[in-house]
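This structure is in structure tokens; I'll ask about it shortly.
The first chain written gets the first letter, and so on, giving A, B, C and D; residue counts start at 1 in each chain.
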Amino acid sequence: MLIVMSHKATKEQLDAVVQAVERMGLRAAPIPGSERTAVGVLGNEGYIDDLTIRDLPGIQQIIHVSKPYKMVSRDFHPQSSVVNVAGVRIGAGCRPVVAAGPCAVEGEEQIIRTARAVKAAGADLLRGGAYKPRTGPHTFQGLGEAGLSLLAAAGRESGLPVVTEVMSPDHVGLVAAHADLLQVGARNMQNFDLLKELGRAAKPVLLKRGMSATIEEFLASAEYILAGGNPDVILCERGIRTFETATRNTLDLSIVPLIKEFSHLPIMVDPSHATGKRSLVPPMAKAALVAGAHGLLIEVHPEPEKALSDGPQSLTPQGFAALMADLGRLHAFLGV
Amino acid sequence: MLIVMSHKATKEQLDAVVQAVERMGLRAAPIPGSERTAVGVLGNEGYIDDLTIRDLPGIQQIIHVSKPYKMVSRDFHPQSSVVNVAGVRIGAGCRPVVAAGPCAVEGEEQIIRTARAVKAAGADLLRGGAYKPRTGPHTFQGLGEAGLSLLAAAGRESGLPVVTEVMSPDHVGLVAAHADLLQVGARNMQNFDLLKELGRAAKPVLLKRGMSATIEEFLASAEYILAGGNPDVILCERGIRTFETATRNTLDLSIVPLIKEFSHLPIMVDPSHATGKRSLVPPMAKAALVAGAHGLLIEVHPEPEKALSDGPQSLTPQGFAALMADLGRLHAFLGV
Amino acid sequence: MLIVMSHKATKEQLDAVVQAVERMGLRAAPIPGSERTAVGVLGNEGYIDDLTIRDLPGIQQIIHVSKPYKMVSRDFHPQSSVVNVAGVRIGAGCRPVVAAGPCAVEGEEQIIRTARAVKAAGADLLRGGAYKPRTGPHTFQGLGEAGLSLLAAAGRESGLPVVTEVMSPDHVGLVAAHADLLQVGARNMQNFDLLKELGRAAKPVLLKRGMSATIEEFLASAEYILAGGNPDVILCERGIRTFETATRNTLDLSIVPLIKEFSHLPIMVDPSHATGKRSLVPPMAKAALVAGAHGLLIEVHPEPEKALSDGPQSLTPQGFAALMADLGRLHAFLGV
Amino acid sequence: MLIVMSHKATKEQLDAVVQAVERMGLRAAPIPGSERTAVGVLGNEGYIDDLTIRDLPGIQQIIHVSKPYKMVSRDFHPQSSVVNVAGVRIGAGCRPVVAAGPCAVEGEEQIIRTARAVKAAGADLLRGGAYKPRTGPHTFQGLGEAGLSLLAAAGRESGLPVVTEVMSPDHVGLVAAHADLLQVGARNMQNFDLLKELGRAAKPVLLKRGMSATIEEFLASAEYILAGGNPDVILCERGIRTFETATRNTLDLSIVPLIKEFSHLPIMVDPSHATGKRSLVPPMAKAALVAGAHGLLIEVHPEPEKALSDGPQSLTPQGFAALMADLGRLHAFLGV
């Protein structure tokens, strides 16, 4: 931690800061500069809670050099983690995986048809929402528990492990009973009660990045789950909110190699939600693979024009099969 | 709704769109232009779910003229709403209110001291967090239920109704038993299960704007609560996330008069979280009042330099008293 | 400057960094921590160009404590500056000023009518664009030199000094011959050749904040003009670009008190461009005044519905007169 | 164009709007809805300037269906354009090109060494800045005309066409005399006087996207150059400004396939400025290629740790050669 004193800070103010640091059991190293003095803080283990210091008079700025996460950091866990989802291994050294399926489970026939189609095309996981976060209350909210059963049945039928979203702490048990991978949506990335409950779950978690979450906040949210006792977290970039409205969100692919520097956790990419536009999904899926993603989430619907949500960004089964063929060739070329 | 056809759309594609609209029981009015044809959709009641249309070939864009909310809209409820919080009236025509107190309840003495100080300075409500949303798991998470009791006791002792945050649907009952106004934090603005539960609560709700929520999404979140049966919602602007890092968030004061055009609900402003900087709180509090805010949330701590959270943006009791005197004069001048 | 070494940096890498700092004639103070070592850099005068250091192996991050500006900083020029625009004084201790007029000079009658109207209502300066920055080439681009003459004539006729935009270094002389205050538009805030030329101009400059400029970049742009020899710069907040589309831009009023902490330069606010919506201009103008702005820019057009640009955000002369009366009362109350 | 009337608009207001549309020589088609009436505007050629309409009473919103650009649009020029830069062809159907070199020309030896190295590694163009846009005035501003000569000489020596930035309209002639491709930097994307001057230039233009420019504004800026008479424009994505600070900018790769849908112009990607971090350049360069970019701009410096600007994002010659080998294999696989 570095404490930058104001240009006008007095000697007494500086001394008070030094003493406050020492009262915390740390050492303070004043660094006089031409314009202002800074105070280096030494001797800490990890992130310092600056509560007793930050408001002392004469301080201009406090700069944290340590991060608000530790267990997810590669500094403290150099070896890349691999997460096992009902037999499908996701992470460094593994073949990139594809989770595919509709935005929402809409009925038995729809989810079974989709499951068979994506399985035939080579998908590794079946995705589908039973609980749907929707902007307004007057649109389709998902089938709930009935949707979970239909999804699980379609997974069994097709032989694919299933991933679905859980929106509330009191649904974690129920969703974990049906699903193999528990998804936290972008709007809930900082629903800390949900994250804590998932820290106690016995199933792996797919944590989507919040719409305006920094990479630091994203990793700090993952830290909640690991700190709760669940080491099996997969991160997922799904686009951030920016001023640009030509795409639904702005896909931030640079985060893929950057997450791999900062953390040992696997990282997947969801080009469907990121772009919101069917024609952009294949090029961005391939770009994500080349950028190093450990897997992809792709929305597929047997009849996108009839989808109850996210139709415009869903691939048809034919489109998905073509993309999978492309991805297979690309992966063979990359030789991960 | 307006459906804009692509430059290259064929006559057949246009006909298919017209037929799809008519199958929904609506009328379609093609508007040929020099470059492309648009199709006006007529006869709808409120927002149209475009699911069976939006993905038809030849469509370039669908523009929704109706909004994803109705009950919160001034169009359908022209008279301004006033929310009664344990006798304190908030909204158009009422004296602007001030809710003051610490970010977090830290102990009995701290909250009692603060309650007395803010009451003496003229505050209308006591605020204080018992459940704290924190970026990382390794920092102070609030006192929980014990904090609720301390807050309620301080409210009774000082004669101030209390407002505190509820983070999880299964805590709504508990928090409602202690608090007079239930706060939804920015990170939970789209925690839809929480919003639905609050729609069934018997206490009014203070809904904070999400960090990257548009005004349309903000109002759609309020719609969840009204649609659930609870008409008593107060909106609160608390700064949005932008590229600027000199302030904690960017306070979007323009939303105050704009919300008053779009909605009948009261709107408050939280300059403490918005700016994150003590010296900016008084000028922004006064600016918010002049912009038309129905109330303010101000963080006050007896010893900000020892606060377990948000110290740098908390006023001292002395600073708060000075601000209240200024606000009182300003309000008398404005003569609301 | 603080150099943060990586967790894995070796002793040799640390030594190389220390030596590189010393080769610059500065002192290096290593600060060992539990996780990593940081190196404080001492002895510099102002901002350090880190070119010979920043890329050495083992460095994780370089944190600049000094700012990329000095002459505009209040640290080095504690007394607030007042800028004199043809007799109108703008800055701390002066009555807040109002510059009013149309977005664009459209013709003699329009600008004369507007000049008389805003003068009668109490405006201090006449604004009007002769050179207009427009998104696309197929819309009205301003009257150019003819517009300058019309504006200057209207200023003389009404007795108001005039402010107008200059878009190109080679127009600075021409614009300065007609105008009393030279405006740099948001799109040109980092047109450095223009800023340098304005540093040589004999007229004061109104520098608008760029659409996505941080406060630090904003002040660094002002520094170009002061460093060029022209001390007379007035800053102007006009809204920043964010994800919100309900307003044209997001007015960042917190910058007003913040600029006054960081810099000695005066700061004005343009609520017309910031909001893009006529009904929001009066409340935001008043809020800006209360937040401490030294002046306002207000768009006024005799017939906004016929304006060649920015009609929806222009006040009518009647609306402007009403606002000026309100502002006058507010200013009398504030007693600046 | 669609004019959406307010919920409360009167019959008289609607009639006035219809008449105003007809006075423009267009047809108005009222579309009554359950909540409000909209008016479709028919008969226009291209973008409608709504100046005489938009401010009439009773209008809630005007929606432009046409775009502020035409010549750059694929709608009106379906065939992809190929730009010839001194014999190097850039665009659809051509081998993707790589422009490489230092951020700034710093001296003869530096630029010659770099030119030889990037040529040997397979680069197609040599890049290097002679005029440098820098945030503050106290850092290296480029060698100016001397830098142009050195760059041109290095280009001749190595056999590579050169690309360099032009910052001011009055430098266009000079820069065009030395360079084969004239770069407009992000900060000047809306420097319209510069764009107009480039419309008259005899050399092709590389137009970088502004830091907060929408794709629509980006294309409208290109339209200025085409409208001025110069058809040879190459677009370049270089990252946008968002809330994320872990990378210098946020690389928006989705724009690559999207630009190809909207426009016939070639699109390149600059992963160096976008990420600001050397380790991210190779993965993002490859991802850009897979996303369909027609070329790349890569910063290379013989000694990045001594670079006068942008060292942390510059590749070494060795790093660049390795990347070129990877890109070559990837391109051979993709078989463009």
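Just so it is clear, contacts are C-beta pairs under 8 Å (C-beta built on N, C-alpha and C of every residue); 3 or more make two chains touch, one makes a residue touch a chain.
A quick note: this is a predicted structure, and the numbers were derived from the prediction, not measured.
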Subject >> Other chains in touch with both chain C and chain D >> reply: A, B
Original post:
Comparing centres built from CA atoms, which chain ends up most distant from chain D?
Top reply: B
**OP:** List the centre-to-centre spacing of chain B and chain C in whole Å, with centres computed as mean CA coordinates.
**Re:** 31
Original post:
Measuring from the mean C-alpha position of chain A to the mean C-alpha position of chain C, what distance in angstrom results?
Top reply: 38
Subject >> Touching two or more other chains - residues of chain A >> reply: 46, 212, 216, 241-243, 245
Original post:
Can you list the residues on chain C that touch chain A in the complex?
Top reply: 2, 4, 7-8, 29, 31-36, 38, 40-46, 61, 63, 65-66, 75, 212, 241-243, 245
Subject >> Complex contacts: residues of chain D adjacent to chain C >> reply: 46-47, 49, 51-56, 68-70, 133-141, 167-171, 187-188, 190-194, 196, 211-212, 216-217, 220-221, 223-224, 227-228, 241, 304-309, 311-312
**OP:** Could you please specify the touching residues of chain C with respect to chain B in the complex?
**Re:** 212, 214-216, 240, 242-247, 250-258, 261, 274-275, 277, 279-280, 283-284, 286-292, 330, 333
